[in-house]
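Just so it is clear, A, B, C, D and E label the chains in written order, and each chain counts residues from 1 on its own.
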Amino acid sequence: MSQARIPAPVLALAAAGLLFFLLPLAGLIVRAPWGQVGPALVAPETATALGLSLFCSVTATAVALVLGIPLAVVLSRTQGTLRSVLRALTTLPMVLPPVVGGVALFLAFGRRGLVGEPLHQAFGIQIPFTTAAAVIAETFVAMPFLVIAVEGGLRSMDHRYEEAARALGAGSWRVFARVTLPLLRPAIFSGAVLCWARALGEFGATITFAGNLPGRTQTIPLAVYVALETRPEGAIALSLILLAVSLAILIGMRDRWLGSP
Amino acid sequence: MAWLAVSLHATIRVQRNGFALDVDLEVGAGETVAVLGPNGSGKTTLLRALAGLIRIEGRVELDGEVLDDSAAGRHVLTEDRRVGLVFQDHVLFPHMTVLDNVAFGLRRDRIRIASEWLARAGLSDKAGAMPRELSGGQAQRVALLRTLATEPRLLLLDEPLSALDVTIRAEVRRELARQLSGFQGVRILVTHDPLEAIALADMLVVLEQGKIVQTGSPAEVTARPRSRFVADLAGVNLLRGRGRGRQVELDSGAMLTAAEAGEGDVFAVIHPRAVALYLARPEGTPRNVWRGRAEDLDLQGERVRVRLSGTVPLVAEVTPSAVRELQLDAGAEVWVAVKATEISVYRA
Amino acid sequence: GGGVGGGPPSNITVFAAASLQPAFDKIAARVKSQYYLATTFNYAGTQTLTTQLIQGAQADVFASADTAHMTTVQNGGLVGGTTSVFAHNKLEIAVERGNPKRIHSLADLARSGLVVVLADPSVPAGKYAQEALANAHVTVHPASLEPQVTGVLSKVALGEADAGIVYVSDIVTSGKVDGIAIPDAENVIADYSIARLNSAWNRAGADEFFAYVLSSQGQAILSGAGFETV
Amino acid sequence: MSQARIPAPVLALAAAGLLFFLLPLAGLIVRAPWGQVGPALVAPETATALGLSLFCSVTATAVALVLGIPLAVVLSRTQGTLRSVLRALTTLPMVLPPVVGGVALFLAFGRRGLVGEPLHQAFGIQIPFTTAAAVIAETFVAMPFLVIAVEGGLRSMDHRYEEAARALGAGSWRVFARVTLPLLRPAIFSGAVLCWARALGEFGATITFAGNLPGRTQTIPLAVYVALETRPEGAIALSLILLAVSLAILIGMRDRWLGSP
Amino acid sequence: MAWLAVSLHATIRVQRNGFALDVDLEVGAGETVAVLGPNGSGKTTLLRALAGLIRIEGRVELDGEVLDDSAAGRHVLTEDRRVGLVFQDHVLFPHMTVLDNVAFGLRRDRIRIASEWLARAGLSDKAGAMPRELSGGQAQRVALLRTLATEPRLLLLDEPLSALDVTIRAEVRRELARQLSGFQGVRILVTHDPLEAIALADMLVVLEQGKIVQTGSPAEVTARPRSRFVADLAGVNLLRGRGRGRQVELDSGAMLTAAEAGEGDVFAVIHPRAVALYLARPEGTPRNVWRGRAEDLDLQGERVRVRLSGTVPLVAEVTPSAVRELQLDAGAEVWVAVKATEISVYRA
């Protein structure tokens, strides 16, 4: 293919943009306390925090898929003002400072929260300070990315496939499961990747709502924050490990999964 | 309106900003109706309304079952209507094999029945293929099978052949004709192609701007076009004027002599073959003789269509040898003659 | 620096531990009216401030919530004068208003069914809390080890934690929780340290601020905010 | 239109998803210290911080547009492994804990940083602790959202428009400016909204790299953080003001701007 | 190969997984070439290669200027070629008015020149309209103007009419013919429609699977089809066999008697009109008489096409009255006769 040349100023700006991303990462790598990476890597706490990070971010992504895809479907059917309002409401967790997000989660799911209080009094269930709380915090912050990506996919989807399925006698569930979902796969996947990445880096809401307990709620970003207090070098080493793992996962994902719908 | 013992009764009104569809339709069991009309005349809208994909004002009754009745607030969902819908560009599910596509609408014994349909159509070897691996013609045939396999009571075909190659189209049209002949329900076929309509339909319905402007058997409709669109389809010249005995006064002022004309507003149809061209003023029987100018010439197979301007703008169809003899060229001045007996006049 | 009735009021930048905000805001107001010296604060965690200073941040005064970070900054050659401890802070048990769980001592924190939140041992408050618990021979299973004292405080204030160990000054500032005193025998004292920085653009102003904090007026304000004076 | 019904379980999950977003927000509103909202609203610091927040987030979005659109154009032209790698690199700032992101920015643009050091020595320019630093921190964290949205738009764009323009003799710059950019408008706009929302809520990288200086770098999330230390009620009141402003802006945006390309 | 004094010389090879285009093309100044071929035969690929939108192996020379020469590493960018490209579905810039679309490719006096082009085409009143407000035919005419306004040396048209309504198509075809007649460069027109090709082109090029299988004037090509595709286009029966004097031995084993057959591999063409059908074995001149079975009947205007199976599978074209007399029906057994003089045989 001989595609249109990219104009030189555009190329230059793109290079500047890439550099803007790469320089800080390069800084981390160049100034990295490489001596600390080895010990950090073998430290049992690292493995625990990394495992917990992956577990929580993957679970949060799964929850976001289960709740977010239906929400996107409903959003994509709305019109006009209702649509703007719903869409703005789903975007708000992105704007809310994460620490306040954590406070908001307390107010909803905490021991004194709107839902948490009856839950606590009826069943003695306490959500804060558990791994579940970490998952909830990450889901709250990261789900908007999934919802927005899937909704975009739905809007640009060819709805005649669904119509054809209905004309063939498929009920609403069958249309959704056998036609809509498979056709949405690329949008779902790219939304899930964004959501997962955001969940993996989540800090503020998690530390507020789930607290910081190694092995239970201390994900890598929390461990990094704590380590910054006493051994900044170790914190950077830990961040590099997180980056390397994410980079490997992101690159390992098949290109075709990431394609536009 | 009294409901006769026929299969589909529909009174459909759809209002959209700037467009209104307003159609009454009655189709007998086992009949094929071809819906023709210019772009944007509402053909697709009509099919979608019958399929239940859009809400209508009015009433749709199929085989005694009321599918839509806006007065009674009744609306049967598309999936519960047992209608079959075939789109212009197949719309096969891209993530399923051909077999799974055909099996999609079946309830039980899905794979066996779907395989049988494919086998009957000679497409067994494509059962495991994905839609993107099919040629356009194969894909459209599979789409047709997928719909027929569900044994719909009402079959809606939206330009099923128009996306196909001319060379494949004849083949798929043959297959369609064969399949339709074995199908018991009502069939409604939207098409742009008059040949397709005439080959496949028992009745034509011509839509323009959301209204039915003409309906009848293919022979009736093409013999007595009531609009420019139908005249173009039938390939004839359509003129409009006022009848005075055997004369027709055209809107342009020119007079036409026909075998019979009647009184009042009339249409006059002249087949292009009946339009004769001469270099000198012809003597003899033709009552209608004017001067004209050949605007352009269009070779169509073994005939040449000549578009004429002048007192009465017409299209003439002549042989290539006539073109040579007359030394016809765009811009040439000619005499135009039409025999009175070749002009068919009927009430507007 | 700006003298009384002198030229235009001058300005200093103070990097201060976030827990000092209530006291330092008052001090700044006084300094402004008395010395025509405007103060710009950069309140953040002591650790963040340390990172920023080491990365070359320009500031006139640094007020740290402990001596360890001050030492780090000093070892980086960034301190331009003497360092001085200007306040102490004692630990207290923070409990919900009205103390519904009836907590009266460190030993009560070991009760099962209580949600106790501590600061992480990597921050001074956490380290001191551990020392205090060790002094009292109490083992606590915390629900969370907060990297910031605020985290402990807000969780208790919201009723999500039953108790936490924080500084007295935090309880005074917060006004949302009750404090249960810890006997001196078990308690640990934190030292707050202040210094003028090498990068100071306004040395005179920095020294004025430094002196005011250690003056009796400054100490009175700190005392009102829950700190123990030196 | 009589679109396919949404299956009941999907509707139920969507309701759960919406509730999941709305409950914490409702918690904030129900438990809000309404008495404090008034004073917070009229406090001059609030206006300053809000103004700074809007200024920084809008500037960051502008920078992200200038650098991110070209980057997305280049990304959309790459194939295979290179594409995966570049895409993963652009996604990394999402994964990096923001505080570490701030440290990385020091290592790149700080007075001792890879670029910052020569800059400082040659021109005496210092980036950290300036409003520019706040903009840089927000851009670093928020730009990936824009890049990914625009790249998606580019991939699903009909490239025959560009081909038609070239065949009409338009050089690469003219094709880009007159054809590609206008056709990309919906994707650019929706990416810019995501980017702006993320920048508006940014906290960790900003406080580390830009410091917390009222009137210079103290955006609302930073003001909220400081307020949380001393007067948590005020902090929540401040967050509510931020939410209300963002909600108004998000709803005010025309629906058609947000449509899929 | 020696380069003659004609205007376009192209030797184009494009390799894609599973598909290879390999074409040599020479076109004189002011000539129109129609490229025909089944779906996927590489017609669009050829135009894109000529436009410089894909890199090729080989050489393209236009009016003495080398546009592509893979051996010399030369590749002139599309925007510097002065080629015009018209797509099947107009591809007007949706965010610009009609006037801006037409002015897009102009260098100076853009608005004035664009307005003139629109005025000449009678589209002045649409100058301020956005493309979505145009009908399909108008949009395609604007797309054509937009390209012609840049005065390209090489005009590439990729099925410019196929997205249009049958009724508008004739009108746009006329306009296209008029515009093309005033255009001095080389024109290459991809089409599916044999009528269009014959009406507009001086030379036909038939592509199949990336190779040119036949080339020549419309009359030559349709008279002597060399592939099933061309035979279908021309609407004739094509048979293949070995010539033995006046006999042709078909691949199926049946023998055909022609006026002249020659020796070796040959094609035999029979026009459907020359295929006569009888209920009883005909006596008399026809040398070629077989039994056959009417597989299906297809009404085409005033003719009926009958597809026959049997010794020699053929299509016959008869009048509707003949169908009635013979009581022809799908499945009817008939006698098939073809006069030897109606069979044209030529070397394969």
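Please note the rule applied: a residue touches a chain if its C-beta (ideal position, glycine included) is under 8 Å from a C-beta of that chain, and two chains touch if they have at least 3 such contacts.
Every value quoted in this text rests on a predicted model; they were computed, and no experiment measured them.
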Handout entry: Two chains sharing the most contacts, counting C-beta pairs only
Key = A-D
Fill in the blank from the handout: Of all chains, the one whose CA centroid lies most distant from that of chain B is C
Fill in the blank from the handout: CA centroids of chain B and chain E: separation to the nearest Å works out as 25
Problem - Rounded Å distance between chain D and chain E, as computed from the means of their C-alpha atoms - result: 54
Handout entry: Separation of chain C from chain D, taking each centre as the mean of its C-alpha atoms, in whole Å
Key = 33
Exercise for the section: Report the inter-chain centroid distance for chain B and chain C in whole angstrom, where each centroid is the mean of the CA atoms. Expected result: 86
Problem - Where chain B touches two or more other chains at once, by residue number - result: 53, 77-78
Handout entry: Multi-partner residues of chain D (each touching 2 or more other chains)
Key = 4-5, 99, 103, 106, 113, 163, 166, 171-172, 175, 228, 232
Fill in the blank from the handout: Note: chain C residues in touch with at least two other chains are 51, 154
Completion exercise
Within the complex, chain C is touched by chain A residues 103, 106-107, 110-112, 126, 128-129, 207-208, 210-214, 217, 222, 225-230, 232
Handout entry: Interfacial residue positions of chain C with respect to chain A in the complex
Key = 45, 47, 51, 115, 117, 120, 122-123, 142-147, 151, 154-155, 158-160
Completion exercise
As the complex stands, chain A meets chain B at residues 158, 160-161, 163-172, 175, 178-179, 182-183, 185
Practice task
Would you tell me which residues of chain E are touching chain D in their complex?
Solution key: 51, 53, 77-80, 82-85, 87, 91, 93-95, 104-105, 107, 146-147, 150
Completion exercise
The chain B residues in contact with chain E across the complex are 38-40, 135-136, 165-168, 170, 173-174, 177-178, 192-195, 198-199, 229, 232-233, 296, 298-301, 307
